[in-house]
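This report refers to the structure that appears directly beneath it.
Chain naming follows the written order as A, B, C and D, and within any one chain the residues start at number 1.
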């Protein structure tokens, strides 16, 4: 392959690219932003905007999942978060936002030791359904067997299985691990699963029958994962690889189109633009939505890695509050840092480069041009 | 193409270079700076220096356009700026320079809501003509249809159409968009148009009959455009690509030489040198001239993106005041940071590398050597 | 060779990679961390974890060598350090930790002028043996002839010869230099020797009969070595090159497997993961263990270069105290910076990428993706 | 050529490397530093160390030129500096060291307006000769015709012509420019000339009959030259290119060996090592010697660009005082930052990589491994 590199005589590696390494370029045609469509459809569900709220406590509560649904996107509730461990987690959210940095990890480890309660799973999902929006909840692969029956019974439109790295073939010597293929086949509900970050891993997930594959590490703490685990899959390459798996699987399966959902590295509107340019069908947003006034994290953002009982790999990050959910998505923007009017920016970028829908925009020209330090 | 890179299995991109990535190198001959010519001619107009003042409120007022003309260059007035919205904008300039950073974007959005007045367009252009220098005014593509008749009637020698990205083929579903080819054909005045940043986009603009093409994004807020829209076209590659379009169009058209005008990334004299080295015929300067004592921005610099009503993408930037317009262009320099004696530096660089005019200097040798951080 | 680069017309060089330049990537399979083995065996000695404590005063005392042995690894005592120069060095450790930065180099030069005493070598090694762990001590190549008889007589299970750069062929015009091949052949004890950083240097060391080769510069002050001596061998390339030498020597020797031990650039758990990914069999840790509460350096770390009598090339570095030795190795971690639960991180990284033992993990996929500044 | 890069469709450039981009690597052999020779010979003159003091006021006075000669190197006096403009410049040196940064450029422009006096040229050179060391003085190409007769009459062993960029073919329309070839042919004294930074420029200088070619820009303000003039020739590539010209000219001339003298980018001992690794025969040191207690700059360093009357391109830089000239050259070092014991570091680096003289060391292996920011 053309971008294989010799690390040393005993090892080769592949050059991989992050969103920061690339940019899209205009072509010979421009369009009026008004004629650009941002619509997205997965299975029977149609969305006005290709935005999925990440199942993380700092991003999605029942209320913000409903708000995002009403705004045209899809909210996904983390069914292993505070909302299914505590009847009323409000005070805990407030406490987390106020913790001293040095106490945060250990106190969060403590708070998340409280068991998950099936009756709370049911109650939270019903609350969302009652609002009339598409209902989606997420479990980790480790807990899917334990709680999925409750989830299905409570009723979800889309089922999300999200972990740092989810594979179609998990080897364990203890309890029988989740057989994804059988699980998805048996389930009546379309499943979105990930993170995956390579062509092979994604192709195998597509073969399990998943409706969509999350590309990334299911957390957002990419830098920390690199520091602690040495694992890293730069997003531009990962999305492009998984988009190639989608195309090959489409042929192999005789026409099943599995959606590629970028999940990570999407902090600014420019990153979102690049995810679609690399082949994404939709995006899952964490930090970008944690900046909303309505976000439960109150200016802070964290993923499940931040409170892992023995190997914490993320941190509670201060992301600030940049506007209402509506302002973050649709503007008007009052700053120029790529945190507000995310959809306006995507629409304008597509218009400037001459594209009218997201599927077409996957073909936009890209340049490689790493940011310069200083 | 030799610099195509595989981003991932589903996407290829091209390595592109900024001015910071490159430098010119001496060859075996040197010259005396005194025998170097900086002259430039477009259509019937001759200039002693290849410098065009960017049509931005912080750079060009009627007075500074006249001063730049007297200095041997070409000043272009923004016909959608404060000078055509307000009878006397002096107080507003002062206010903008004094705004608190957090209020700047919204207050500027407010100030620029005032409508453009045709009688002021006429008055400003006549003021410049009365001074005996070459007269040039700029409109955005969106407003060209609305105001061009006024402009032509008032009388301009060169007509500039400048936007972030201007294409020969703009698709819209509302009002008929500007048909550039017909417009330029009908007009009696030579037209300079842009920004364009790729070979194809520039070639199509050349085919509309333009006398010159602006290379860049028509703003100067390149970093912000990258962050918010994910769009970026590193200038060294862009200028070189458009210079190749000039050469190919020269052949295709049987001899029409369309001028390539670098417009962006030209903050220091070294950048200016590199623009010509990559193939530019002339340069449009924004920030570099906003540093003049005479500049209307009073030490600040901003483009139309900074006050976009719904998607602001630039900011009012503090550039400081580094000397008179004459000192910035011709020295003597009293600092060594590349902000003064811009023409002296260009002249010396051409002499050191052995070239005697700008057209020849387009052939100078280049090295790729990215700046090191720290 | 594919990664040869022309520096200029008169010189070619090879692109080399540091651990920071690379990362490992998941594949299509994942495993349960519980089924992952971290065991390592060299000669007749088996270890539960592939960790060797670096023979540096700030890392290994007789007590911490014993503690690391009890934790499943191998402690190596520096037989030219304070413990063999002074009967009771406790006060000196305290003094070093308290020195003003500007006085450190000269005071340390003074402290280390005290001669090495053979009777203290004997006493320190016996203390370690009495604790029932594997006994290992290190000498520099310059002092090996002078002290090895004492070391062998005192009894060691593994003999370590460690210097900045150790070669199989040392040219001198004075006293006969150490003939490594003869020395190792005559010795009854398996020898680990280094640093080596290239294929050729390592291959020659393997041919001397060494049981293991240290890859690196035997110090940890890589940046200083680069600044002062202009010498640098980025670790990812160095480990991979030496791993290739292991494979070629295995064939050449008809089956002798010489262990590749990464020694340098291993400050975070992610670096440790990458060392194995590049082909290491084990790791020698300096700074990473100097952060233990039990470490003699009391939050500071230094190597022999720091007190070189005429060309000091390292410095006493403040590394802080991040937890007990046990917490650093096995967690639980209370921070997410890659300094604690080093073995847990290695285990999880292997599990996430689908490998069950260290030898297999040497085949894991790698990407090249340099860290971005800022 | 293998490292040609397409900047854009209309321009190609060559990837060039700085000393920071590269490092030397050990091979399979090591040597005792004591058996390493640093000797250098040019024409009939032998030196114990390959060090030339740069003809800059902050580095070389008559006294320091003598001191460097006594230390085994070659001091070159700037014959256009303060020592030939003023009878007693001591007070001016003191004043320059005390100037406020904002006044420095203009005050230095003023100080250097004082004319050069032939009788002072004579007096200074005689003072050096009286001390019994090799005598060398430098003029710029612009002033060579005016003053060389005085210089030759006063008596020099080596004549240095040093400018930012010196070419064998200078084009001027005014006074006849210096005909280097004729000048050198007529002169009885060996000439060292530069800066040159490319193969072609250096080859032409070699053909003029020069005994040595300076590689670099004759100033040390490389970063400023890049910012202001857009000119840059990274030193590793430049030295390697000029070394290739030396080899080709050796063949073309039937055996004339022209010395390659690196002049720039040599701030730390590691840089010096790399200059020889790229093919240099000797080094000209500016900032590195300006750090001596004896240096006339009293902790400051500047070149002629800093006081150019109309286009100042360098600055008075604070370099500090790091030890006596002897300590800087031969140690003992008391810090580890590459500023002291420059010759000890070179010697040790050669020993560690297995070389015994400088000519051999030009063949040492190199890796390309850019410094990482942060």
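By definition in this document, a contact is a pair of C-beta atoms (placed from the backbone, for glycine too) under 8 Å apart; a residue touches a chain by one contact, two chains touch by 3 or more.
Just so it is clear, the structure is predicted and the values come from calculations on it, not from any experiment.
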Copy-to-copy rotation for subunit A and subunit B - C-alpha atoms, rounded to a multiple of 5°: 90
For subunit B versus subunit D, which are copies of one sequence, does the interface use mostly the same residue numbers on each side, meaning over half shared, or is it different? different
Taking CA centroids for every chain, report which one is farthest away from subunit D. A
Centre-of-Cα separation between subunit D and subunit C, whole angstrom: 40
Taking the mean of the C-alpha atoms as each chain's centre, how many Å separate subunit B from subunit C? 57
Multi-chain contacts in subunit C, i.e. residues touching at least two other chains, fall at 15-17, 237, 373-374
Residue positions on subunit D within touch of subunit C in the complex are 1-3, 15-17, 19, 22-32, 34-35, 199, 236-247, 268-274, 277-279, 331-338, 341, 344-345, 348-349, 352-354, 356, 365-369, 372-374
Seen from subunit A, its contact residues with subunit C in the complex are 5-18, 20, 105-106, 164-174, 177, 196-198, 200-201, 203-204, 221, 224, 226-234, 237, 305-306, 309-315, 370-371, 373-374
